[in-house]
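Given below, in the form of C-alpha cells, are the structures.
Common to both upcoming complexes is chain A, partnered first by chain B, then by chain C.
The block that comes next holds the complex of A and B.
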C-alpha cells in the first residue's frame, strides 16, 4: 500500500512538470498548427540554463527561472520569426506542405540544439547539486523537497498561464484563434502577432519547466528526446490544443510511467506509456480529457 | 543534342544514365575505403527512403516509423544467423517477410489515423521497438547489440572480402527500389495513393478503398526499408537498438526524402546523395572534428534547404530555366519529368 502511494506521489510530482512543458506544446499546436519537434530540446536548454547559472553565478534554479524564462521567450520568438513563419510565406504552398516543412524544420532545430549542446558541454550528465536537499517522511511516504517545490512551481506557473488566457486581452485573442482562426482575424485579431506570442510563450513555459526540473534531474544533450515523446503523448491525451487537458494528462502520464517502472520494469517505463498512447490515438483521437468530438 | 536532352528528360533515360554513372564510380571516383563506405551507406539509406516515399510521399501518410522495418530487416537476419546459423540470404528473405507481416499488423491499427496522428503513432511505435529490443537481451543482445561472425570471403553467406561488392549490391537495391516506386507511381495504386493524399474523402467518394490502398502502400513501402536494413546488417556487421529503431534512424529516413522532395520520384535519391555523405564525412569517430559537429552541419544544411523551399529540392525553381521548346517540338507521349508534380497542390489537412 505504501509502495502504491509512493508510486502515485512520485508520478504526480514529476507529472506536474510534464504538464507544464506539454501545455507549452499544446498551446503552440493549438494556435500555429506547428508540430514542434524541437520541444524536448527546449526543456534541455532550460535545464542547461539552470546548470550554467548555478555553476557560474551560484544562482539557485528557483531564481534562475526569471532569466531562463526571458531567454526562452526570445529564442521562441526567433525560431518563430525566422524559421516557422518562413514556411507560411512561400508562394503557392499548400497548408499540408507547409506543415510538413515546419515539421522537418523544427526537427532540424532539435538536432541543431542537442548537438550544439554536445559540442559545448560534452555527453556526461550535469546537475544542479545541493539545492533543496531535504526529504520529508509523510506517514512512510518519502517526498523529496526538490520534487515538491518543482511541482508547486509548475502548478503556479500553469495557473498564471491559465489566468492569462482567461482574463487578459491577449489570452482572449489566443483562445479566439484556437476556436476559429478566420473569425478571430475578422474581428481584428492580428494572426501573426497571436502566432508569435503563443509560440514564444509555449517555449517560455518549456524553458521554465526545464529550469525547475534541473533541481533533481541530471541533464545530458540528448535528454530532450525523451521529453519530446512524453510531451506528444501528453498533448494527444489531453486533446490537441487543450491547455488544461495537457496539464491534467501530464499528471496522468507521470503516474503511468511510475506505475510501469515500479510494477513492470524500470527500463520499460516508456513502453507502457507509448502503448497507452497508441491505444488512445486509435480509440479516442480527440483525447481522453476532451469533451469535444474528433473532427478528423 | 536534342536526342541527349530527350534522353535526360525521360525518367527511364535519366535513370539509366545515373545508374551507369553510379556503377562506374568505384572505377574512377571512389579511391579510398572510406569514400566507398560512405557511398555504400548512401545507397542503403536511399533505398529505405525510396520505400518511405511510397506511403508517405505519394500517399501523404507521413511515417516516422520506417526504422521499424529497417530494424526488423537487420535484426531478423542477425538473430537467425547468430542464434540459428541460418544462411544469410535466407535471413534477408525472412527479414522481408517479418517486416511485411508487421507492416500489415501495425498498418491495420495506425492507418486508421489521419495526418499528424499517424506520424506520432508510428514514431512512438518505433521507440517501443527500440526499448523492447534493449530489454529482451537473451534474444537480441540487449543494449550491446548483435555482431555477425566474421566469415572472411564467403559469397554463399553474404560476406565479401572485396567491399566494392557491397557497393554494387547496395546500388542494385537502390535501383530496384527506384524502379519499384516508379512503377507504383505509374500504376493504378499510385494514382489512388495520390488521390488519398490530395483528399481522402473525395478519393473515397470516387470509389477508392482508402484503407486497403494505404495498407497495400505501407506493405510495399516496408520492403525496400527491410532490405536496406538487412544489407546494412550484412555490410556493417553490427546492430544495436538505437541504430535500428532509434529516433535518429526513424527521422533520418523521412528527412532524406523531405530534403530531396517528398512525393517526388527523384526526391529520396537527391536527398540521400546530399545528406548521408554530409553526416558520414564529418563523423567524429572517423575525423578530427569534435563530437556533434557533423550533426550541427547536417541540421544547418537541412534548415537552409527547407527554409529556401519547404517542399524540398525537387520543387525548387531555378532561375535559368530552359526555354520552352516551340510547340510541336516536344515528342508525343513524353512522360512528365516530374509525375508527382501533377498532383493538385490543394491538399486538406487530415
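The block that comes next holds the complex of A and C.
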C-alpha cells in the first residue's frame, strides 16, 4: 500500500512538470498549428539557465525562474519572429508544404540549440546540487523537497496561465483563435499578435518547467529529446490545443511512468507510457478530456 | 459623407476554375438596407466574404467611404467598420455571451473596462442583459443568432452584413430578429441582408440585388425586382412552375 502511494505521489510530482511544458506545447500548437520539434530543447535551455545562474551567481532556481521566464519569453518571440512567422502565411504554398517547412525549421532549431549547448557545457551531466535537500517522511511515504517545491511551482504557474487565458483580453483572443481563427480575425483579433504571444508564452512556460526541474534532474545537451516525446504524448492525450487537458495528461503520464518503473521495470517506464498512449489513441482519439476544444 | 457608403466595382472571385462572383457592381448608401437574393450557389456568401476580407477578390475593388477594403486582411476590415454574422452560427462556443461580445468590442475600445461597458451597452440594446454570463453553446439557436448580431455591433460598424439570419428559426423568432434589424437600420446603421425567405427581404429591403451563378441579374426596389422575368426564371422558376403544376 505504501509502495502504491509512494509511486502515485512520485508520478504526480514529476507529472506536474510534464504538464507545464506540455501545456506550453499545446498552446503553441492550438494557436499556430506549428508542431514545435524544438520544444524539448527549450526545457533543456531552462535547465541550463538554472545551472548557470546557480553556478555563476549562486542564485537558487526558485528565484532563477524569474530571469529564465523572461529570457525564455524573449527567445520564443525571436524564434517566432525570425523563423515561425515566415512559414505561417506564405503565398502560393499549400498548408501541407508550409507544415513540412515548419517541421524542418523547428528541427533545425532543436539541433542548433543542443549543439550550441554541447559546445558550451560539454556532454557530461550537470546539476544544481543541494538546493532543496530535505526529504520528508509522511507516514512512510518519502517526498523529496525539491520535487515537492517544483511541483507546487509548476501548479501555480499553470494556474496563472489558466487565469490569464480566462480573464485577460489576450487570453480571450487566444481562446477565440483556438476555436475559430478566421472568425476571430473577423472580429478584429490580429492573428500575428496572438501567434507571437502564444508562442512566446508557450516557450516561457517550458523554460520555467526546465528551470525547476533542474533542482533534482541532471541535464545534458540532449536531455530535451526525451521530454519532447513525453510532451507529444501528453499533448495528444490531453486533446490537441487543450491546455487544461495537457496539464491533467501530464500528471497521468508521470503516474504511468512511475507505476511501470516500480511494478514492471525502470527501463520499461516509457514502454508502459506508450502502451497506454496507444490505448488512448484507440479508445479516445480526441483526448482524455474530450474537450470542446479538441474538436476545434 | 459624399457618395455611397459602400462601393463595389467589378468584383470577381474565382476559386480555381469556378467563378463564384462574376463582375458585380453595386453601391450601398448611408443608412440604406440592401437585400441580396439568389438561388443556392449564386455567390451571395462568397460576396460577403469578399466584402468582409475573408476572401481575396480575384479582381475588382471594394471601398467603404474612401477607404479601400479589398486586399486587406479581415482584422483590418473589421477595424474599417465592416461587421458580419454567419448563416451557420460561428460564435466562440465555449465562451460566455459577455466574453464573445467583449472580445469583439476590445477591437474598438482602448481598455478592457471600456470593452466590457460596450458589451453591456450592446446587450442592453438587444435585450440580452440576463444572458451575459451564459456560455453560448448552451443558448437556443435564436439567442445565438442575436449574440452574433451583438458581437458584430460591438465593433461599432458602419456597415452590418447579415447572412441568412432566419435559417432555422420559427415564425416568432423570425419576427423578433426582423424587429431587431429594423430597429438597428432605423437608428441609421447601413445593412446588407442575405436572405432566402422572400417575405423577409420584401419587408426589410429598400433595394434588392439578385445574383444568379455569380452574375448580377437584377437590381432595384423589391416589388420591381420580383416582377423581373429574369428573376422569376432564375430564382422562382422551379417553385413557381411547381405551384402552377407544370413540369419543371
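By our rule, the second predicted complex is superposed on the first by the 288 of 296 C-alpha atoms of A that agree within 3 Å, B and C clash if a C-alpha of one lies under 4 Å from a C-alpha of the other, contacts with A are read in each partner's own complex, and residues count from 1 in each chain.
In this text, a residue touches a chain if its C-beta (ideal position, glycine included) is under 8 Å from a C-beta of that chain, and two chains touch if they have at least 3 such contacts.
These figures come from a predicted structure and were not determined experimentally.
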{"item": "Joint occupancy of chain A by chain B and chain C, clash or fit", "value": "fit"}
{"item": "Superposition-derived angle with apex at the Cα centre of chain A and sides reaching chain B and chain C, degrees in steps of 10", "value": "90"}
{"item": "Per-residue contact with chain A, leading partner among chain C and chain B", "value": "B"}
{"item": "Which of chain B and chain C A:85 touches, first, second, both or neither", "value": "neither"}
{"item": "Touching partner for A:107 - first (chain B), second (chain C), both, neither", "value": "first"}
{"item": "First (chain B), second (chain C), both or neither touched by A:93", "value": "first"}
{"item": "Partner chain in contact with A:176 - chain B first, chain C second, else both or neither", "value": "second"}
{"item": "Gap in Å between nearest CA atoms once chain C and chain B share a frame through chain A", "value": "10"}
{"item": "Contact residues of chain A, present in both the chain B and the chain C interface", "value": "none"}
{"item": "Chain A - residues contacting chain C, complex", "value": "168-169, 172-173, 175-176, 179-180, 182-191, 292-293"}
{"item": "Residue ranges of chain C touching chain A (in the complex, touch as defined)", "value": "52-54, 73-75, 77-79, 83-84, 86, 90, 92-95, 99, 102-104, 106-108, 112, 115, 137, 151-152, 154-155"}
{"item": "Touch list for chain B against partner chain A, complex", "value": "60, 62, 109-110, 112-117, 119-121, 123-125, 127-128, 131-132, 134-135, 247, 251, 254-255, 258-259, 262, 290-293, 295-296, 298-300, 302-303, 306-307, 309-311, 345-350"}
{"item": "Contacting residues of chain A [partner chain B, same complex]", "value": "33, 35, 83, 86-87, 90, 92-105, 107-109, 111-112, 114-119, 122-123, 221, 225, 229, 232-233, 236, 265, 267-268, 270-271, 274-275, 277-278, 281-282, 285, 296"}
